[in-house]
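Structures incoming, each one as structure tokens.
Next, two complexes with chain A in common: one pairs it with chain B, the other with chain C.
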Partner chain A sequence: MDQFLQHIVNGTILGGTYALLGIGLTLIFGIMRVVNFTHGELYAFGAYMAYLLVQVLQVNFFLSLVLAAALGVALGALIEFVLLRRLRGADIDTVMLVMIGAGIALQNFWQLAFSGVAKSINHPFPNLPLVFGPVSVAPIRIFVIIVAIALLIGFYLLINRTRIGVAMRASFQDPDVAALMGVNIPLMRTLTFGLGSGLAAIAGALLGPIFVVTPTMGDLVALKAFAIVILGGLGNIVGATIGGFVLGIVEEFGAGYISSGYRDAMGFLLIIVVLAFKPQGLFAAKERIG
Partner chain B sequence: MSARIYPWLFVAFLASVPLWIGNQYFLYILTSAGIFIIAAISLNLLLGFTGQLSLGHVAFFGIGAYVAALSTLGFDLEFGSARFVFPRQPVWVGFFAAILVAGGFGLLIGKLAFRVRGAYFVIVTISFAQVMRMIALNWVDLTEGPMALNNIPPLSLWIPGEGVVGFFKKEYNYYLVLVLAVLSYLLVQRIVRSRVGRAMIALRENEPLALSVGVDVTRYLVVATVVSAGMAGMAGALYTHYIRIVDPDVFLFIYTVTMVIMVVTGGKGTLAGPVVGGFIFGALPELLREVASPEVQWILYGIAMIAIVFFLPQGIVPALAARFAARRGPGAKPEPEARAP
Partner chain C sequence: MLQVEGVTVRYGHVAAVREATLRVEAGELVTLIGANGAGKSTLLKAISGLLPLAAGEIRFEGRSLGNASARAVLTAGIAHCPEGRRVFPQLTVRENLDMGAYLRRDRVAVASDLREVFALFPRLEERRAQAAGTLSGGEQQMLAIARALMSRPKLMLFDEPSLGLAPTLVERTFEIVAEIRRRGTTVLMVEQNALAALGMCDRSYLLETGRIVQHGTGDEMLANPHIQKAYLGG
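Entry: the complex of A and B
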């Protein structure tokens, strides 16, 4: 039982960052119909920027996280502006090929720029775990889950309660009418891709201090983000949030009770099972955004 | 009619290579390029002719590699008190087992994955390859995990006058790969020009229309996947016996990407496309090795992939075909397969 609670807590903390990655990816797919193969690279980018700021430039840890997220938004917007803007109306496979190419180029660029050696990021939290009855948690992990939940709620409000959110959803549901109503569709697309990328970057910057930073750190994580998005139904932000937590907890239990070697396989098995029985995802009545 | 002779002239040229090429290293490059060309030909059947972007294709390649290796090396597994011993098999038994098992997985994945299309299909196929990699990494009793399976014997053949010969020499492997690549090409050509192939192309071009005129879409897609998977499995078996070591990295996404780049660059949905793309991207890494680090190579690959999609969206072969057709005059028709989606 004690172990059970510990697994739930660990899974939830892991799930929070997965959810951040998942909603970025699902937003980009939902609004732009782009399967973003650079998502993992933006995650690694966020972690490297945090490394650069904290370890090399000695910037304050919390400020570094904010800057890493902002740089992620900027890089995402740049990718959209340079590559995707020209591909509007192209079929989804063509766009996928371009994004795969971009992903490979970026990943190897990180490898070239930062070398393959794993980097670690120092954080200002004490390393001694906090103990709550049978459960013990490192303070940095509590910080990560608080930030992740705050971002998830903020993002949900942005999409559902603000004019920008309305414009984003409108440009997904009916781009022509949205354009007629004065929504700047290209700007919305740049913004969407930038925000989604920013979420990936902040997830990387948050997990960088817990794990280590490597050029290929985004590979598995990006695939997991795909799993989350499938679980929740493509384009479904709430679904992706729940999917993130589900995956985090399933992985933790899989690692705890089956075999730690198969931890990373859980997500993929989950995808295959979900698609075999409920091809449109667990939470999607129909494809939608919001 | 005369155009039909060019592919055979090319094959004859390739067959003559070991006779005059001095440097064995080039033969090695060509052989490994040939193995990847077979894989690319198999991918093209799915990607080019049915229009399904299968990004887990390396799974079939890897399954073939592992099945060939395990059946020639033999293995034993313990389940509690029960012990299962699989004795060593002759290399060709393993070779055909690789094709069958990979094809069987193709059937399974085809049935499962074609319930969904587009982005979902892509993600299912990627996940499948990842699960395979995890199994290869973690089922150490069977696969040795990251320690890899070593000392895999080369293929062997009874050759008149020489008896049974193990394919230790580069020339033998080169000719074997050449023969199997030509057979793969002919098989795909045959499928594509048959009823099945026309059905595949019909559903690539317009799936609802194909359905409405009675094409059993899922069945044809599954057939294409099985053939494609079996062929990729064969390429994997060739790879195993040629390199003679296999580790879980054969399942890496980057190898799927390599195959996709080959097909897209050469021209998806054309018979010659994967061959042309395969020679370019099979030889390029070896030639670039002297001047550029692997990272730089991959960056160039990524950029090349983007550039091809932007500037040569149909690939090299259709672009050349269109140019020749234009030169011959307005009456000349391009090859029927040369339409990419």
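Entry: the complex of A and C
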């Protein structure tokens, strides 16, 4: 039982960052109908920017996280502006190939710029875990989950309570009519891709100090983000949030009760089960929001 | 107010509208009639900036709308109530109306327009927090009209507002179009129901295979033998 609680806590912490990755990807798919194969690279980008700022440039840790997220938004917006904007109306195969190519180019660029050697990022939190009864948690992990939840809530409010959020959802549901209402659809696409990318980058910047930073760190994470999006129903932001937490907890249980070697397999096993019984995703019947 | 001069619109190599010329004066209710596929909706979309012009010119209040964006056309004062209602199904009624006023910054006037729209369509006020996709077809049409009104247009384009509605609702929809005009908004309406469209309009244009082939007051058009034969079942 003690272990059970510990797994739940660990899984929730991991799930928070998975949720950030998942809603970024599902937002981009929902609004732009683009399967973003650069999502994992944006995640690695966030981690590398945090490394660059904290370790090389000696910038304050917290400020570095904010800057890494902002740079992620900027890189995402740039990718949209340079590549995707030219591909409007192109068929989905072409767009996919271009995005896969962009992902390969970015990943190799990280390797060129930062070498293949794993980097670690120092953080200002004490390493001694905090103990709550049977559960012990490193302070940095508590920080990560608090930031993740704050971002998830903030993002939810942005999408549901602001003028720009309503316009985003409207553009997702009917771009032509949204344009008739005066929404600048190309700008909305750039913004969406930037925001989704920023969420991937902040997830990387948050997990960088917990794990290590490598050029290929985005590969597995991108696959998991796709799994979360499928789990939650394509384009469903609430679904992706829940999907992120479910995946985090399932992975923890798999690692804890079966074998840590099966950690990454657990998530995919879950996807297979969900797709076999509910191919539209767990939350597809609910209203899609984003 | 609105001048469309020699406008041609193409889908690929096919010209859906050819050298169409029409005008709408301030305060008028003008209709555009014709069969399915005659190019009526295409012409409206070109006016709204949703489709590019292959040739010709569109002027509104003396200013060229050339190939203006939908946003610029709306800013100029033209709202478009699209065919098939096209409400945002997963936004609430209130959010749909907010989208209608998306470009407006005058919050006080928007709030008063919202009250006015709710007074005109009390059902929408009752259902303001409901997802628009859960409304009935008639209610969705009212919402689409209300949404277009929220931009406070000088000219309102209606694309087949009666399409797919029950007969009593069709009548109600036309009453609302007439009421909107009475309140001072100029109207250009595309309508397949030629009898109703000609009965309520000041002037009308008939489109056949992309060309404007007849034009006149509602009464002149009703009396035209070709229109009687082809469009009024006479």
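Assume the second predicted complex is superposed on the first by the 285 of 290 C-alpha atoms of A that agree within 3 Å, B and C clash if a C-alpha of one lies under 4 Å from a C-alpha of the other, contacts with A are read in each partner's own complex, and residues count from 1 in each chain.
The criterion applied here is as follows: contacts are C-beta pairs under 8 Å (C-beta built on N, C-alpha and C of every residue); 3 or more make two chains touch, one makes a residue touch a chain.
The structure displayed is predicted, hence computed values, not measured ones.
Peer 1: If you stack the two complexes on chain A, which partner ends up touching A:187: first (chain B), second (chain C), both, or neither?
Peer 2: neither
Peer 1: Tell me which partner A:29 touches in the superposition: chain B (first), chain C (second), both or neither.
Peer 2: first
Peer 1: Could you let me know whether more residues of chain A are touched by chain B or by chain C?
Peer 2: B
Peer 1: Classify the contacts of A:63 with the two partner chains as first (chain B alone), second (chain C alone), both, or neither.
Peer 2: neither
Peer 1: Based on the superposed arrangement, let me know which partner A:158 touches: chain B (first), chain C (second), both, or neither?
Peer 2: After superposition on chain A, A:158 lies in contact with neither partner.
Peer 1: In the superposed arrangement, does A:170 touch chain B (first), chain C (second), both or neither?
Peer 2: A:170 sits against chain C, while chain B stays out of touch.
Peer 1: After superposition on the shared chain, which partner residues are touched by A:273: those of chain B (first), chain C (second), both, or neither?
Peer 2: neither
Peer 1: In their shared complex, at which residues does chain A touch chain B?
Peer 2: Going by the criterion above, the answer is residues 29, 35, 83, 86, 91-94, 96-98, 100-109, 111-112, 219-220, 223, 226-227, 229-230, 234, 259, 261-262, 264-265, 267-269, 271-272, 275-276, 279.
Peer 1: Would you pull the chain C residues touching chain A in the complex into a rising list?
Peer 2: Against chain A, the touching part of chain C is residues 48, 50, 69-71, 74-75, 79-80, 82, 86, 88-91, 95, 98-100, 102-103, 131, 147, 151.
Peer 1: Which of the residues in chain B end up touching chain A in this complex?
Peer 2: These residues of chain B touch chain A: 51, 53, 112-113, 115-116, 118-120, 122-124, 126-128, 130-131, 134-135, 137-138, 253-254, 257, 260, 264, 293-296, 298-299, 301-306, 309-310, 313, 341.
Peer 1: Write out the stretch or stretches of chain A touching chain C in their complex.
Peer 2: 163, 166-167, 169-170, 173-174, 176-184, 287-289
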